[in-house]
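Presented sequentially are two complexes of subunit A, the first with subunit B as partner and the second with subunit C.
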Partner chain A sequence: MDLIPQLLVNGIISGALLAIPAIGFTAIFAVLRFPNFSVASLATIGAFAGYAANVGLGLPAVPALVAAFMVAGLVGLASDEIALRPLRPYGALTAAIASIALTIVLENMVRFGFGNDLRGYDLPLVRDWRIMGVRVGPQQVQNLALALVIMAGVFAALKFSRIGKAMRAVADNPTLAELKGIDPVRVGRLTVFVAMGLVGAGGMLLGLGTSIDPLTGFRFILPIFAAAVVGGLGSIPGAALGAMVVGIGEELSLLVLSPAYKSAVGFIAIVLVLAFRPRGLLGERAY
Partner chain B sequence: MLSYLLATLTFAGVYALLALGLNVIWGMAGMINLGLAGFFALGAYASALATVALGLPIIVGIVIAIAFAAAAGALLSRLTLNLRGDYLAIVTLGFSEVIRLIAANEIWLTNGSDGIPGIPGPLRGTLTPLEFNALSCALLFAAVGLAWWMTERLRRAPFGRALRAIRDDETAAAVAGKPVRRYKVQAFAIGAGLLGLAGAAYAHFTSYVAPDIFRPLLTIYIFLALTAGGTGNTSGAVIGAFFVILILEGSRFIEPLFHGLSGAQGAALREIIIGSSLILIMRIRPQGLLAERPPKSLRTQ
Partner chain C sequence: MLKLNRRAFLSASAATLATPALLRAQSGAIKIGTLTPLTGVGGTYGPSMRDAILGVVAQVNEAGGILGRQIEVASEDTQTSPEAAVRAARKLIDVDGVSAILGTWASSITTAVAPLAWESKTMLMCVSGADSITKLPHQGFICRTQPNSILQIQVAGDFMVAEGATQMAWIGPQTPFAASSIDILEQIAAANGAGMESLIYEADKSTYRSEVDQILRGKPDFIMLGGYAADSTVLLRDIWQAGYEGKIIGPAYAVNAGLLDTLPSAVTEGIYTWEGAPAVNSAAYANVKAILGVDEVDPYSAQTYDHASLTILAMAAGGDSSGDTVRQNVRSISQGDGQIVESAVDGLAALAGGINYSGASGPCDFNEIGDITGTQFVFKTISGGKPSEYKRV
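Up next, the complex of A and B:
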């Protein structure tokens, strides 16, 4: 049997899921100009919020995903206001260090509440489909569809809504945007809320296939960063494209590498892009 | 109790070496390194393998550890030299993750998650455990003293002045004719070498290394040490390291006072305190306990 079509299908699915948190990470970079490493813990918080809604309240996957988005968005916004926004004037790197400290604090709050045990979502078990020798689970297809719907929503909002246009304006030229009467603080808050919401939803989507624990988000940061850097840090379509490259690359790496090194593929991708095309595939323009 | 105290002081020495290394990279040159755990692990494993697998003397192992960590530092900083510091942040964080993956999975080399036991320490076996702890403590303090003296000299030297100029305004330093790129790579390599030295010291003192020991949390501990002590201040780095050990060890004694906390909850609470204190200190006193003071020029001394 042929392995490559199966790996390609798996790669496209995991790339689409990865794109959601990668878009969040890169959007914060585009508007606020610093790498916010607290995405690791907010992906975990989203995954746990979705778990609480799914297992605790008995909600199906889609409403649970909305819960993951809302909780991660609100926690992300609150923690940014308290911990990171006051430090941003000191420079991007200071804010980056503080965001690592923040991610440790948030991750351990999850650990304090839920413990270190592995937890699984309560989803109906369905038999995998076989299409021309390729196995896909209906759950995977649903996740893929959800990821694509979310992405379409993000791109439509950026392109057509006033708020999306304001975000792009601030990302392009904050000074000019302010002259035009756009309040950068408000746009920053909105970006953090939506971006962290996406990170949280992405954390849940990535966790749906396996089980989750307080380190869930941390395990995905390497591919998330890789997706953002490969596509061009700060470029939203770039993050989506980069996530596809990383997702497919991770799966194809299974042909030559042991599965344990799957997440190292992200690092290799970062190194290759920085060595040969430092601005990423699509450059650093936000949209 | 004395043995525990000596062991704790030895760990404080390891942290002080890490803080001194980070001080060269972040404090003096203003370059970020979020992969401290990776350089620390690289040094620990390099020295452990050189002494256990190859049977080399400890001192050779330590030199190899420093060389490996410095080379890795030079490579990573070289790779992101033309880009904003954000990229170095991402690359160092990723590097640390890859080192952990290699340590956990290349069983033929690192023995996987079982780790490498039986790493030789100076005179271990011929001394009683208490005497060994006393000797390690003394050696570690000597190493910290040496590293303090060397980095303080570096700070006062023209090289250190140039690094501060680069940190504060890279373009201006370049216009003034400073070899910005070369100096940045050199500073990162020197700092990374000290991180590797700390790893080697840790391995020989505890006699055991495993992938779990090198968690990313270490990066936060050391940033807290440096920020609390005073970023850019050599003595501040050492004092900050002792401060962090005081919080870490002190919380062990406070923990039993809170009844009904599980082990995981106690550990989680400790990390919450560490992370929050770093953010708080950055807010309230960003210059730290001992603020950086520019060295007096040689003529007025």
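Up next, the complex of A and C:
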């Protein structure tokens, strides 16, 4: 059981990284009321945009992260306008299925541009620190700090900015928001841009410690979806909490399960939440 | 030696692509299919595996084809996913009407496609290693040019012991050869008084930190990687960050050029790789180099070159283009006392007097269940991010 502190640290770090794309996913659900599975490929696109900025242009990690946010946000917005918005009036299921098709198209566009090869960021690699028997890497600490800063920024924007309040209003009650003069299409676009930007930044953060390929984002779709469902679909603090539950749960599962079944934790979390608390841990209020 | 005529190659490929599928099915040309991983984790190898086959076919067509007919190739992508591969194989068999499917790569894919092949009497030639594959009830419709995993792991396990391993470890994802790999290493460790730990993880994760912590608790001094390039990249980084100082060995298809490019050279320094050694000094190997326009041919493209040559020669020897003919004749043209030939075109010219095809991947001799025999292995060691030959066995 001496593994527990190490597993907890690993879980908190992977949970915090997972929280960023999960927030993006749930924000789109809150405002546009459909699960947008194209987050998988937009996480990949963010990771590759960050890679291009980091390796191609020689930028350090933080500016590359901004590039990941911007490119994923813009691609997400453009693809949403072209492929998903026209289908939204036909219902959430139609839009969700279209988003799966969209993610396959985007994944293959990445493949077309960058090929299938693995790529790694140009960052100095250093051995881990050992603090009281717990192993933690400097890169992990930096990623954790970046994830926390991004989350703080999102929460502050939602709470204090005009546009953040408008987003919450649309999520809460679109009809009432429109009566008050908030344009739901404009808010929808902004939400998609910011949410996909977050997904892209999250994709890059998740890829920083490893290597990336066109399937990078696809590998995270289950934990991202599980995090959003566990926290309560549409709830942004819920997505952050859900990501922690899934992240820590996956690591702690090693105590009782073979590592070959790690992904089962995401499924188990979804099943438990749907069985006992279908609205998720924090319910579905956006904020 | 025959050199590939670029114009003939292009016109053959273009003609194949330009002809509508229905017309192709009726035109009387001989059909063979390639089913390689153009995308997914095997995507690094699939395109050149396919091109090696196209090159052989273009050479044969240019020399007049076989049985008075031209050969056409239908190419499909496995996506390195069994489910997509089965769909693609159905298309090749039912729509294109191919008599042989060449080049399946991952063991899980060959296993999934195999029943379709033997049920439709289509020959299946693969580069997969799982020993379970040739134990399937395939009635001779499967043969492989890749040494099976038992042989591969035995060779590598003996290497680990010879290099001084006292506490061995195997860490890899769930694959059709994971369990047998662990069993073999346990036997080798027990026979040599060494310890042995193993851990099967889930492929497609972005970090294996906790898994690495777990395997390092056994204090191994020699770790064998059991995965493919994507997960091995993540794993090696995590192992290095954890401060592991012992030795590591991984299959060359995992510790490949992509992995070495991705990881800083400090992480990969001193890692051993091993693989079935292509016959680098053969005329067949030189022919593949010319077809692909490269200086070094990966083992899988060398193998698919042999797949295409074996298929064509077996059809010509049997006087018929069916999968069953390939099955019945593949051994008669690949082993025995005949004249040694190293390309399909040379083989066709010498066919009447009896031939023994010897290819780019090795002598291409098969036992009764379709396993390759007599493969050489080459061990390499990574230094400064580049592999260099260490030892041959």
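The rule is simple: the second predicted complex is superposed on the first by the 286 of 287 C-alpha atoms of A that agree within 3 Å, B and C clash if a C-alpha of one lies under 4 Å from a C-alpha of the other, contacts with A are read in each partner's own complex, and residues count from 1 in each chain.
One rule holds in what follows: contacts are C-beta pairs under 8 Å (C-beta built on N, C-alpha and C of every residue); 3 or more make two chains touch, one makes a residue touch a chain.
None of these values were measured; they are calculated from a predicted model.
In this overlay on subunit A, subunit B clashes with subunit C.
Once the two complexes are laid over each other on the shared chain, residue contacts for A:V199 go to neither subunit B nor subunit C. By the touch criterion defined above, A:A53 reaches neither subunit B nor subunit C.
Of the two partner chains placed around the shared chain by superposition, subunit B and subunit C are both touched by A:S263. Once chain A of one complex is fitted onto chain A of the other, the partner contacts of A:V187 are absent, as it touches neither subunit B nor subunit C. Legend: residue contacts after superposition of the two complexes on their common chain; A:F225 is shown touching subunit B, with no touch to subunit C. In the superposed model, A:N116 makes contact with both subunit B and subunit C. Within the superposed three-chain model, A:L7 lies in touch with subunit C and out of touch with subunit B [touch as defined at top].
Once the two complexes are laid over each other on the shared chain, residue contacts for A:G209 go to subunit C alone; subunit B is not touched.
Among 61-69, 205-213, 223-231 or 241-249, the region of subunit B with C-alpha atoms clashing against subunit C is 205-213. In the superposition on chain A, the residues of subunit A touched by subunit B in one structure and by subunit C in the other are 108, 111, 115-116, 258, 260-261, 263.
By the touch rule above, subunit A contacts subunit B in their complex via residues 29, 34-35, 37, 83, 86-87, 90, 92-94, 96-98, 100-105, 107-109, 111-112, 115-116, 218, 221-222, 225-226, 229, 233, 258, 260-261, 263-264, 266-267, 270-271, 274-275, 278. Chain contact summary for the complex, subunit B toward subunit A: residues 30, 32, 34, 79-80, 82-87, 89-91, 93-95, 97-98, 101, 104-105, 216-217, 219-220, 223-224, 262, 264-265, 267-269, 271-272, 274-276, 278-279, 282-283, 286. Of all residues in subunit A, only 3, 6-7, 10, 14, 108, 111, 115-120, 125-128, 130, 135, 137, 206-207, 209-211, 213-216, 219-220, 251, 254, 258-263 touch subunit C in the complex they form.
For subunit C in complex with subunit A, the touching residues are 39-40, 43-44, 173-174, 199-202, 204-207, 209-211, 213-214, 217, 229-230, 233-234, 237, 240-243, 258-259, 261-264, 266-267.
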